[in-house]
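Next up: some structures, all given as structure tokens.
What follows is chain A paired twice: with chain B in the first complex and chain C in the second.
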Partner chain A sequence: MSDDGRHSPRARDGRAPDVFRPGGWVSMKEYSDHEAVDFVIVGTGAGGATLACKLAEYGFSVVALDAGPYFRPLEDFASDESEQTKLYWTDDRIVDGDNPLQLGSNNSGKAVGGSTVHFAMVSLRFRPEWFKARTKLGYGADWPIDWREMWAYYTEVEQALKISGPVNYPWGPPRPRYPYRAHPLNAAARALARGCEALGIGWTETPLATLSAPRGLAHPCVYRGFCVTGCSTNAKQSALVTWIPRALSAGAEIRDLAMVGRIETDANGLAVGVHYHRQDKWRFQRARNVVVAGYAIETPRLLLNSATDKFPSGLANSSGLVGKNLMAQANQAVWGEMDEEVRSYKGPPSLAITEHWNYEDDGKDFFGGYAYMSQGPLPQLWANTQATAHGLWGARLVQEMKRYNHVVGLKIVGEMLPQENNRVTLADERDQYGLRIPRVTYSWCDNDRRLIDHSIAFMSRALSAIHAKNIWVQEDDTCHLNGTARMGDRPDSSVVNADCRSWDIPNLWICDGSVFPTVGGANPSLTIQAIACRTADRIRALSRLGEVNLN
Partner chain B sequence: MLAASVLADSAVEHYRGSFKNKAMLTPLIVAGLTLAMSLHGTADRRPMAHQARDASYLSAAVTGLLGTGFHIYNVTKKVGGLSWQNVFYGAPLGAPMAILLSGLLGFCSERVRANGGRRRHRVFNLPAGETVATVTALGLLGTSGEAGLLHFRGAFHNPLMALPVTLPPIGAGLLAGAVVNGGARPRGLARWWMRLLVGMGFAGVGFHAYGVSRNMGGWRNWSQNILNGPPLPAPPSFAGLALAGLAALELMREARNA
Partner chain C sequence: MLDRNAERGAGDAYPGYDVLAKWRGPSWNEKTREVVAARLQVGDTPQFLTAEEFEILAAVADRVVPQPCSRSPVPVAGLLDRKLRAGVLDGYRAKGLPRDGEAWRRGLRALDAEARARHDRGFAAITDADQDDLLRRCEAGELDAPEWAGMPSRTFFKHRLLRDIALAYYSHPTAWSEVGWGGPASPRGYVRLDFNDRDPWEAAEAKPGREADALRTNRNVR
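This part shows the complex of A and B:
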């Protein structure tokens, strides 16, 4: 069979793929559509999979739906960049604004496990002050959660994913030791380190969600380097190989190739289930609670597409903020060439990091922060980058590609500020399911530009300091998407409360990166999972008080 | 035994490092020589020291010291200097000491042999049993330290990885106790503990073989995973040291009964 799960669902008939054994299966509990489950969860990425696992382990009945396939990494993932674009969400979308986003690769995923199946595994904690960015740092918005509470949930997620990190982390308040040790640095990471030492700032091994020692049936990382196109060894601790197997053994049902098109609400204004498309027809799953975990574009799209007469501007949208305050993260890079071979594509792409400019506020002419990491672009991506961002073609492009083994690069994950004009709305065009597609509008503000300029100047100095040659700047790139359903303390200025529960519909929850009021200069996956763990604990606590709809 | 372990381990590890520096061949030659000499010594029934054996044992000791220097240089020249990253993944700082130990123990055995049938063996004018016991105890501590470092790198993901960092130091303590007591008290426990360590050293190969199987491709991918996984030849160095410990206890017993 050549079917790799993209054409017909694999999780059915009481079993789901065993991602650890070629051709293997694990048993799966199944619910019928008309049986109301405690929670139906839309999306199985960092937010949805984590919450599905935790809620199932707490004894709730859970069905989690994902629009994407249920891949078997050991069998379905090739060492081929083109083939692996199957992991991306490439459905039709419209992008506009002054700085239209490039959607469909590093900022989306369409698979059970979501974009964690191809994420770069960088697992950072937020700087504590970011949770009170407005009060303590004077920009953005405050989170309704205290950092100390988050610190405990970060620990839970780091343990659950067996994060490989440095023995001592140089920034921020103390954190427990990472469960696994850091990986050996590749030459690209050592180049970052030498640049940092030359400029007198700190650096460390990047905490990564990929194993440096065996774990159960998962092998330690073999430094194959195809991390961002899908790990074929299961060293990567994606939701697909961590939370999802746990969720299944705790009794959750996962439905792959199940696209949710609308959330149904009743006359009382409560959610009663979701309409979803699977195996060529629309179905309806009844549920006592609905959790939306579709990430920063699909989450607001679903809420807006679920508008009714009672909720004409979409669900959970009395504040008018659904879809607003979309925040990408800046992803600019500086590239150069070393005389010696670097072979930056060996191993995970970002083995070394400096969070200096996340924690140091002196010398900044902007709000927010950024981290920068060593890079290891795969050849096709690199040729694309040279052709587009660097504008090379023909003989010059060929010449440049011959220097591929000598390339060294530094790339930021930079904080962009929340702006209401950066938003997701509905276009009139419809997709293959007949659903209105999202329009994603994005423009940088002056602060975003100042942050980017600062980072480019600094990283250029770092590359010069290690005698890199032919240094050039990749000016326009973005990564992770957050915001669009922010959490807060008040119904008029936020979509959900600290428990990820919508202010308007008490049995509608949102649990993914869209609840972020600010994004910080750190990759968001660890924070999304920590929020999901907290949400599960809060749901359990509230249900014991009789405050969760379970009838 | 120890020399064999060193030979195999340094061969694998330096092969992995592609013998980038020509000096990386040295420990193979020296450990091979030490092994050959000790086999020669075992086959040789004459109760006297042999100059070639002595020379080779002493050169092993010197190689150990120089190798340690090289490995320290390798670690500190990397970016980050003496950091966890470089101690984990740079040249192992403690490893060359094993070749020093094999040389020292070989040298001691030559002295015992040279003493012929006398019951009170002496090395450098020190009682032989006590000397060998002390060298062995220090060797156990050092080897245990190295296992501890590398097992920490592996995050002690398997609880059995704690064995080589707990059992050998206890053995070292028992040997030290025997030295301090001058053999006045029964050394049964120490002797049994040494036998336990011999067993642990051989069992360790089995555990490391299991560790190799847990890497991608398992034993089918042996050519990669033997280099990549836990080192198969490393654990028997505990067995080698423990055998030396047994010999030391025996020498002390003989000396006391003389």
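This part shows the complex of A and C:
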């Protein structure tokens, strides 16, 4: 096998991989471990990469570490589901509870760029009321941020990623026109549209972070359909090809294959840097501020693994809430078969969407909402779905798989409520770095079940209305992970404030999906990036007031 | 016999289509050729499991993804054995399941012990029907011989046995051709996206009475 960055770090010696040129390099500023930088950022996904870029552009010194490799998609990515599992976080984790989560493929990433390297690119704004879910809608918790402020940051991210989307978005308050035109619909998306029209609800082309026109050195999408296994043509506007190159240009350093195991705190209770494993050695990077951006499992794991005598229950945890209120999103599907050939493997998997049940509250017997989207599973994913979710094996499995090109499916991204019992804790077993592995406990509540039942009944009607046959329901699936270090207005009921700054340690920040108090029924990546942009602006503003540790 | 004929009939949904015919075309980039070439080298011999464990696995795989005798079989057991040897994990583990390699070793030995307790012969030596019966009991969580050593047979069946075998079989180009998937697609991708739309480099489906047309078309897929 050729070296694809998985065995030794690429970003060193003053250079980092050029993601736009096979074998290419770009120059990179480097800091020594003992030189305290303004910000060391743990994780380079939607939260960490965005923040690294913005802080570097504002003139701060930044080192961002990622446990995964630094890929060049043009030469490192195969059109192959098995090979591309190299993008996932597949380190050992225990799952339990009444509804154990499936982790790895669709809700984690271990690469520079994090899970945006293999996300489905669905780029949605939250419904404004969700930022005040407790006050306005009667469930969950309020965010300490106003939706109008978020609206401006959403616009910034949509421009930064050149989101392709419809001319007019059917739901919510007005938003600017999407920077790039919408992609054409494939048959799977047309099936969604037909179903919505038959049932009298709205639908639209999905706003996607993949190019519909050229952009710099990146080409438009060629509709090869391997989006969730990594885009090999750079049409996908992942953090790896957007925020990271910008961060490097602005003077940030990126360190790949660098696994952070512990945040060091001093006698004053301030963070002083991070211990990280790279090139077979534990190293220590000094920093004036530490930002944790490891997503909803690794973030609480690192905070808990960093416990000291002064902070015996882990860092930033005086509220006892670190690791709690883990929220997946419901990801149930209804599948059927059309007489026509669908061949849903062509194009991004979710080209059409309806957010009707995110914005319509009448007729619901549950709190929260859901979107549903068209689907395009590749054969291994589809076989695993038929085997483990549909329960097929033997001749029935092989026969059913031969109907692959006629399959059509609708799948939700559904809101699940925050519950303290859904949580990340530390198991006694240890991983390859010698660190205690996470235990992830998850159980649905009655409201979750009612939302799921509603969505399944509605999507079943939608598929029946377009004369799909052999309709069946995939009942047990979840996606996206948020909420294990929630933001709020009070130190006793949240882990960080609206600026993503921890209440307990003023130079420790958390910037990823962990800070979500609620998740809504929309994919979280755009919101994570919008919050990172806001956090960067707040850090700049606070630093001008002398309220950020920079000495 | 009837079953086998039925399988062969349906197996011709895409007559003459071979996803490997595009190997040198613009749908296969260098990285894809590299990883698929390595996969095509995998034979039906173990590098991780013992010979005895491997024989049981091959018998289990034959029941989970039965293959027609009209073509070279996909070496499902070999592909799975290589994954276990490489230590590629899923990223999560149900409570009660050991890590993948240990789960498979224990599960295969337990299935073998269950077969011996009922039929006086190992799993690979009992009839197809008896194998299916044991697998159904495993699926239902009814197996509890001491060899399971606390691992729930139902959890093993769903999270390891079914999942790993399905993923191994459908990682092979032969299976891709069987289901009429376009296969690797970088950088060429696709142009025709609508219902009943087919790019010239995609599999043509045999329509009743017009199988010869599909065969002719598929021979020209490049």
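Brief remarks follow.
Everything below uses one rule, namely that the second predicted complex is superposed on the first by the 550 of 551 C-alpha atoms of A that agree within 3 Å, B and C clash if a C-alpha of one lies under 4 Å from a C-alpha of the other, contacts with A are read in each partner's own complex, and residues count from 1 in each chain.
What we mean here is this: a contact is a pair of C-beta atoms (placed from the backbone, for glycine too) under 8 Å apart; a residue touches a chain by one contact, two chains touch by 3 or more.
Quick caveat, the model's predicted, so the values are computed rather than measured.
On the superposed chain A, the two partners chain B and chain C both fit, without a clash.
Seen from the Cα centre of chain A, chain B and chain C lie 90° apart once the structures are superposed, a value rounded to the nearest 10.
Legend: residue contacts after superposition of the two complexes on their common chain; A:Val290 is shown touching neither chain B nor chain C.
Legend: residue contacts after superposition of the two complexes on their common chain; A:Asp92 is shown touching chain C, with no touch to chain B. Judged by the touch definition given at the top, the superposed model places A:Thr233 against both chain B and chain C.
When the two complexes are overlaid on their common chain A, residue A:Ala120 makes contact with neither chain B nor chain C.
Applying the stated contact rule after C-alpha superposition, one finds that A:Ala193 touches chain B and leaves chain C untouched.
By the touch criterion stated above, A:Leu508 is placed in contact with neither chain B nor chain C. Of the two partner chains placed by the overlay, only chain C lies in contact with A:Ser82; chain B stays clear of it. Between chain B and chain C, C touches the greater number of residues of chain A.
Of the two partner chains placed around the shared chain by superposition, chain B is the only one that A:Tyr180 touches, whereas chain C remains out of contact.
Judged by the touch definition given at the top, the superposed model places A:Ser105 against chain C, while chain B stays out of reach. Superposing the two structures on chain A brings chain B to within 6 Å of chain C, judged by their nearest Cα atoms.
The intersection of chain A residues touching chain B with those touching chain C, taken from the two complexes, comprises 184-185, 190, 222, 233.
Partner chain C is touched in their complex by these residues of chain A: 1-2, 4, 75-83, 85, 88-96, 100-105, 108, 184-187, 190, 221-226, 232-233, 338, 340-343, 345-347, 378-380, 382-384, 386-388, 391, 393-395, 397-399, 401-402, 404-405, 440.
Remark: chain A residues 162, 166-168, 179-182, 184-185, 190, 193-194, 197, 205, 212-215, 219-220, 222, 233, 235 touch chain B in the complex.
The residues of chain C lying in touch with chain A in their complex are 3, 7, 10-11, 13, 27-32, 34-36, 38-39, 63-67, 88-95, 99, 132, 135, 139, 158-159, 162-163, 165-167, 169-171, 175-176, 178-191, 193-198, 202-203, 205.
Chain B contributes residues 78-80, 84-85, 88-89, 152-155, 157, 211, 214-216, 228 to its touches with chain A in the complex.
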